[in-house]
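Pasting a structure below so you can have a look.
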Amino acid sequence: MAEPGATILAADGVTLRFGGVRALTDVSFEVKAGEVFSIIGPNGAGKTSMVNCISGRYRPTSGRIRFDGADITRMPTRRRAAIGIGRTFQNLALFGHMTVLDNIMVGRHHLMRHGFLSGMAYWFGGAQREEIAHRREVEEIIDFLEIQHVRKAPAGTLSYGLRKRVELARAIALRPKLILLDEPMAGMNLEEKEDMARYILDLNEEWGMTVLMIEHDMGVVMDISHRVMVLDFGKKIAEGTPEAVLADPHVRRAYLGEADEVVSEPEEALAP
Amino acid sequence: MEAAPLLQVNNIEVVYNDVILVLRGLSLTVPQGKIVALLGANGAGKSTTLKAISGLLRTEEGEVTRGEIRFGGERIDGIDPHLIVRRGIFQVMEGRRIIADMTCLENLRLGAFTRSDGEVKSDIERVYGYFPRLRERTGLAGYLSGGEQQMLAIGRALMARPKLILMDEPSMGLSPLLVKEVFGIIRRLNEELGITILLVEQNARMALSVASYAYVMEQGKVVLDGTAEALANNEDVKEFYLGGHGAERKSFKNLKSYKRRKRWL
Amino acid sequence: QQRIPVGHLMDNSGATSDVGVPYGQGVADTLAWVNASRNGIGGRPLNVLGFDYGYQAPRAVSQYQAWNRDRVVAIQGWGTADTEALVRFVTRDRIPFVSGSYSAALTDAGGKSGRQGVEPAPYNFFYGPSYSDGLRAMLRWAAEDWKTRGGQGKPKYVHMGGNHPYPNSPKAAGEALAAELGFEVLPAIVFALTPGDYTAQCLTLKSQGANYAYLGNTAGSNISVLRACQTAGVNVQFLGNVWGMDENAMKAAGAAANGVVFPVRTAVVWGQDAPGMATLRQISRISDASGNAYRPVHYMAGACAAMLMVEAMDTASASGGELTGERIRNGFYARQGWVPKGFEGVCNPSTFTAEDHRGTLRVGLYRAVVTGDTSQGSVAELMQSGTMKLQPVTVVELPRTRETLGW
Amino acid sequence: MDLAPAGDYRSSYREDMTIFPTRNSRLAMLLGLALLCTAPLFLGRYELGLLINIGTLGIAALGLNILVGFTGQISIGHAAFFGFGAFASAWLHERWHIPVALCIPLAGVMTALVGLVFGAPAGRLKGLYLAIATLAAQFILEDFFARAQWFTGGVAGRITEPFSLGGWVADREESYLYVVIAYVVVMYLAAANLMRTRDGRALIAVRDHYLSAEVMGINLAYYRTLSFGIASLYAGIGGALYAHYLLFVSVEAFNILFSIQFLGMVIIGGLGSVMGSLMGSAFMVILPEVVQAGADLLSGSAIDRALKLGASISFLREMAVGAAIILFLIFEPDGLARRWRLIKSYWKLYPYSH
Amino acid sequence: MDWTLLLQLTLNGLIVGALYGVVAMSFVLIYKASQVVNFAQGEFLLVGAWVCWWMLTEWQLPFWAGFLLTLAFMTLFGMILQVVVLRPLIGEPVISVIMATIGLGIFFQALMKWIFGVFAKPFPPIFSTERVNLLGLEVQTVYLMSLGISVLIMAGFAWFFTASKHGLAMRATAFDQQVAQSLGISVPKVFAMSWAISAVVSAVAGVVVGVVNGVSSALSFYGIKVFPAVILGGLDSVIGAVLGGLIVGVLENWAQYLDAEWLNWGNMVTIAPFYALIIILLIKPYGLFGTKNIERV
């Protein structure tokens, strides 16, 4: 594990093109170990694309991505779980027909060793012992995220907020060093956002995970992130502490609109 | 009110899969030419209410088991959704459900499916007027960003020339700028075209800023209603939906482990 | 009185059901008639256990095992693949098996031919010339025909049929004799056992310039070939397998069937007269009370095949004692030039010996003649009016040599 | 819904993860097995034969269910793999004189290898495209069977030898039944185990959401291919068992209709249900017999004469299969396994149910 | 090399391929509208051809009357199938729906054999000039007409999907039924319509083939041939279906040529399309013209 404060993730001139569309243009940034790093920006700015590049869903057209000292630009997606990158999705991507428990157990996949042959001979090859050991870990995560009551429910039947939480649990189960959260609070009410914010902070502070988060709720972004990067039309337009970024006129124009509600009084917005 | 309201929902009950009771005696009224907001926690039944009105409930094994829904004085509960569209109610569904493997233009043309007049072309132009960037996106709609998709979904609704648009969380997942833009457009639609809108939102602040009247739902019932202004000044609404304001705004960073969860119920 | 269990394997639904249905009907009617007219064998009625196996050998094998459990004493069989698969079982279980397959490989009763892949088949019998012998007869006729027609150079011969034990059965024997008789043997053409579009095959046939083509399949798919070849303008003399042509097929193929030469196993066809026809008409009434049905050649052959088994059982039962498979088999050897009683002039004489199960080497060739539109009217009407005719061509007597046994 | 009794008194993870979650279900299973083992005492050969068929087909159907129900990859060529197992076992014995008892698992392995070869494109193909590729595999394999004289005996097929183990020859239903039961038990337990371990979960994850499965570190191509391998292993063993029961194998049996029947078994039993596979195959084996029995009952009656039931019994059987599939899909889309669970929970709550 | 044979086989391939194309199109129609892979497409040909045969021979109707009645019957037939069998399955997994169509296929295949027997039956002669000579190849006039009909149907389909409102509605329904309903589209109507059209178009092909080759259960094999065709073309592309059909038709005939000239294996003509299918899928997993699923996370 990288020292706190050392660079854990570094994007270097990442460019991503889809035919004519330039989703990302020459984006460079660094994330330090132990940080909560947020990416904000207008819709279609390329935030999800950036996360997809890091998690391996997309391959950058050019540029490089380094993680924990190694170049992962061309590393297959599935190997990134093992080196410590976990993520959640903007639109829920749970295994709908599996129970919550199994969903989270899938997160342990790369940490488990038993294959199908020894799995079929469950009692004899040690597969059972391994299952139980991992089950213990998973139950811890379940306790942490307070989803005990739905442990055996199929993930597809849960309410939106719970599903988001299960997705987070599954990502945590990977034991990632870096966790990528794509709009973890979209569609949540205030109360759920508060819960989610607490989990993210705990993950960061107590579990020591580095967090890279995309979020549109400026309140959340301001409050919990250490540093913020702003993308617009695939280009990085600002980076720095939340306060500094929000003060940037370019950001205010491109992303927040002229008047900034987060800072100013809400009454004016309520005027009919 | 003087004139009969455009939409009237009287004491409806909605049941999913014959067992899950979601709405328990919900009533609300949407007057002609106004924007009415419907607020509420996750799972309160806001989307369900909209689907009950538009008839889409049935595609999800849901059913209105009690009460009635009247549109322009006529009962519409129990009518097939495609017929309800023809009567002038159009729902913009949660999560920008555009047809991903069609172009923007085709999506817009589909919006006019129920129409057979010759003004489809000029209406498309009008939509482009509201959302200039849709004109530039000539590829498949599936590759649009979230905000663009939301614009397309609203544009598609306009194509049907509805009397009432039901909007389900139009701001979900949009950047602050776009949220403003979308709400600006909602207001313009209402002012310029006189379209009545029933708006479901998590972003209470924005919703109350455009609506003239609002309802707050909890667990399938209306627990609070009033003019937008009145609600915006209600202490409970402030605490639970607006998150306090100004200096009192709680920071997400310093959340107390104990929170007041009790509501009106 | 306990009934005698007898198995009857039919194809009423599979690839060969076009001819399987009339043949199976003939067998079934005859056995029913034996029960009805003389109360079965030695006073014990037959319990005929019919099974439609859809021309799938594995299903036949599985059904055979069921019958074996039911202790059947004899079986009326059908296809080549299944009969060849069952040979070992019936030999082991000593159950006489009267097959609808005339594969020459099944005639080597003593297993003395020493041919590769030919197993002794002491319990297998069939009525009529083997496929190979039928083809040999047609080739001999074709060689003559080529001369009388004044053909120039070597006539070209081609074998056509599905890749299946049944069409394959006489392939090597036919090609060998054709070469011997001075034919040029062309590469075989494959077409499936089911009806279909065989234009491509016909175009190939045409470009090969074949003069004589053997159709190894059953009527249904042969019709498709005949029609496609007519359309493609192929000019070739078709030689049909014994199952390859009949009255139904002539109606279905129309003018395309005109001129096909094929072996017929009975001495007469329906509508002609012979002493035995009265019996056959009685049998026909079992499944057709009106007595108006036209019975194609396969029905009549089925009756003859069934009667061989019945008379062999008669013999076994007449000598007293239990009706075992072994004794029934011996019943097949009891007669020379064997024509079942009451079927004179219909069934051709057969002779079986413990070494040689080629019942006959006498092959009667007929020509299908179609002179008009066959789409209107029933087969009976068409035969009556002469729009369709079965015209005797010649009778070929093949020598009973050891070399051709089992081949 | 759940098999567990109302109160949850399991106290360790180990107990929470058993295949048979209640003592009663375990007892019932053992009792059922004991009953099967004594079946030759009270059932005739015909019925035993049906049981054997249910067992052999049930093993193969389970393989297909792992492929379709768990991994979500539709295969319309399962019968070809079943056939490959049958031929492989016959060939191993005839060509290499390996004892039949050994040939059966070896044939399973050989089929698994072939399955891996055909499954390799599965890493790239999705959904219907894959389904149709398996349809092609069905035809190509059938063609291979008809052509590969050395391996299959060509179109004429091959005679196989009965199962024997140290002098004990299982050439009758009474004895062969035990061979089949042993295989069914082992293969079903193995599948149930597989599904509660790492690779089993990975298979389902690939089905439910392959993009996020990949992010979880799951190798999509590997698991897509692996599920073909496992399915073929089951098919191969089922086929080999079939070959040594029927004592004859021929290409004709392994046609597309048979493949479809396997799919029918899986659907009727319940997609993604281990025990359902066995129920589905039982249904598919027994249904035609019932139709036949029905036609036999009617034989000679006026209905029989009017509809020519006797001569068209094959068509009726086929129609029954088609209709059964459709009716099941409409009225019992989750399969027999679910119906069975409902019945069980009904009795568990008796007399308080409903 | 035997050039005339090759040429004739190619021509024959195009003629047959056009028919495959028509059947493939009607298959794609259902797929596009309802995402249902119809394994009973071949049985549509079968039922259509038998019904027409019945009207012409048993009722002794003139051809055009029998033909029109057949089309009317098939419209009903398609709609009823959709309403009775497929509508209850809306929302079930793909495999269930596939199985339902397979079940339908088995059922009707057997039913037709039961009613009409296993023998191929000829149509009464319909046209006076039954053949013309084309490049030395005798071609049935019905085949040429079918070629014409095919082209017409193809053009109709192309227009329907890209320009007409109902075509768009069909595509929308295929993508998301709930959304389609929210747009005012009657999903049940769209489905019934697609099945009806598909049944009718297939029946036309069935009658054409029946007139040429006679009616028999072999017609249902067109339903299987459709798969290589649509895979070559891409499951959801109308143009792809047409091209796929033509390619399969020609390919078969070339395979026959290869076989006759050199290989002498015998059945390349039936198996070749499936080899082609596998090879194409290995190179292009979505066929030649199929649209790739949009996968955004």
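As written, the chains take the letters A, B, C, D and E, and residue 1 is the first residue of each chain.
Criterion: contacts are C-beta pairs under 8 Å (C-beta built on N, C-alpha and C of every residue); 3 or more make two chains touch, one makes a residue touch a chain.
Which chain is which protein? Per UniProt: A = Amino acid/amide ABC transporter ATP-binding protein 1, HAAT family; B = Amino acid/amide ABC transporter ATP-binding protein 2, HAAT family; D = Amino acid/amide ABC transporter membrane protein 2, HAAT family; E = Amino acid/amide ABC transporter membrane protein 1, HAAT family.
Just so it is clear, the structure is predicted and the values come from calculations on it, not from any experiment.
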Interchain contact steps from chain B to chain D (minimum; 1 if touching): 2
Going by the touch criterion stated earlier, list every chain that contacts chain B and also contacts chain C. E
Name the chain pair with more contacting C-beta pairs, choosing from C-E and D-E. D-E
With centres defined by CA atoms only, which chain is the most remote from chain A? C
Starting from the mean Cα coordinates of chain A and chain D, work out the distance between those two points in Å. 42
Report the inter-centroid distance (CA atoms only) between chain A and chain B in whole Å. 29
Please work out the Cα centroid separation of chain A and chain E, and write it as a whole number of Å. 48
Using the touch definition from the top, which residues of chain A touch two or more other chains? 57, 89-91, 93
Check: chain B positions touching at least 2 other chains come out as 143
Set of chain D residues in contact with two or more other chains: 146-147, 211-212, 312, 314-315
Quick one: in the complex, what on chain B touches chain E? 54-56, 59-60, 80-82, 85-86, 90-91, 93, 97-102, 106, 109-111, 113-114, 140, 142-143, 156, 160
Contact set on chain E toward chain C in their complex: 2, 4-5, 8-9, 12-13, 16, 57, 113, 118-125, 131, 137-138, 140, 209, 212-214, 216-218, 221, 252-253, 256-257, 260, 264-267, 269-270
Chain C residues touching chain E - in the complex, by the definition given at the top: 13, 17-18, 21, 163, 187-190, 192, 194-197, 199-201, 203-204, 207-208, 220, 223-224, 227-228, 231-233, 248, 252-254, 373-376
Over in the complex, which chain B residues touch chain A? Could you list them? 41-43, 95, 139, 143-148, 169, 172-181, 202, 205-206, 208-209, 212, 228-229, 232, 240-243, 245-246, 249-253, 255, 259, 261
In the complex, chain A residues that touch chain D: 55-57, 77-82, 86-87, 89, 93-98, 102, 105-110, 112-116, 119-123, 127-128, 130-132, 135-136, 139, 152, 170, 174
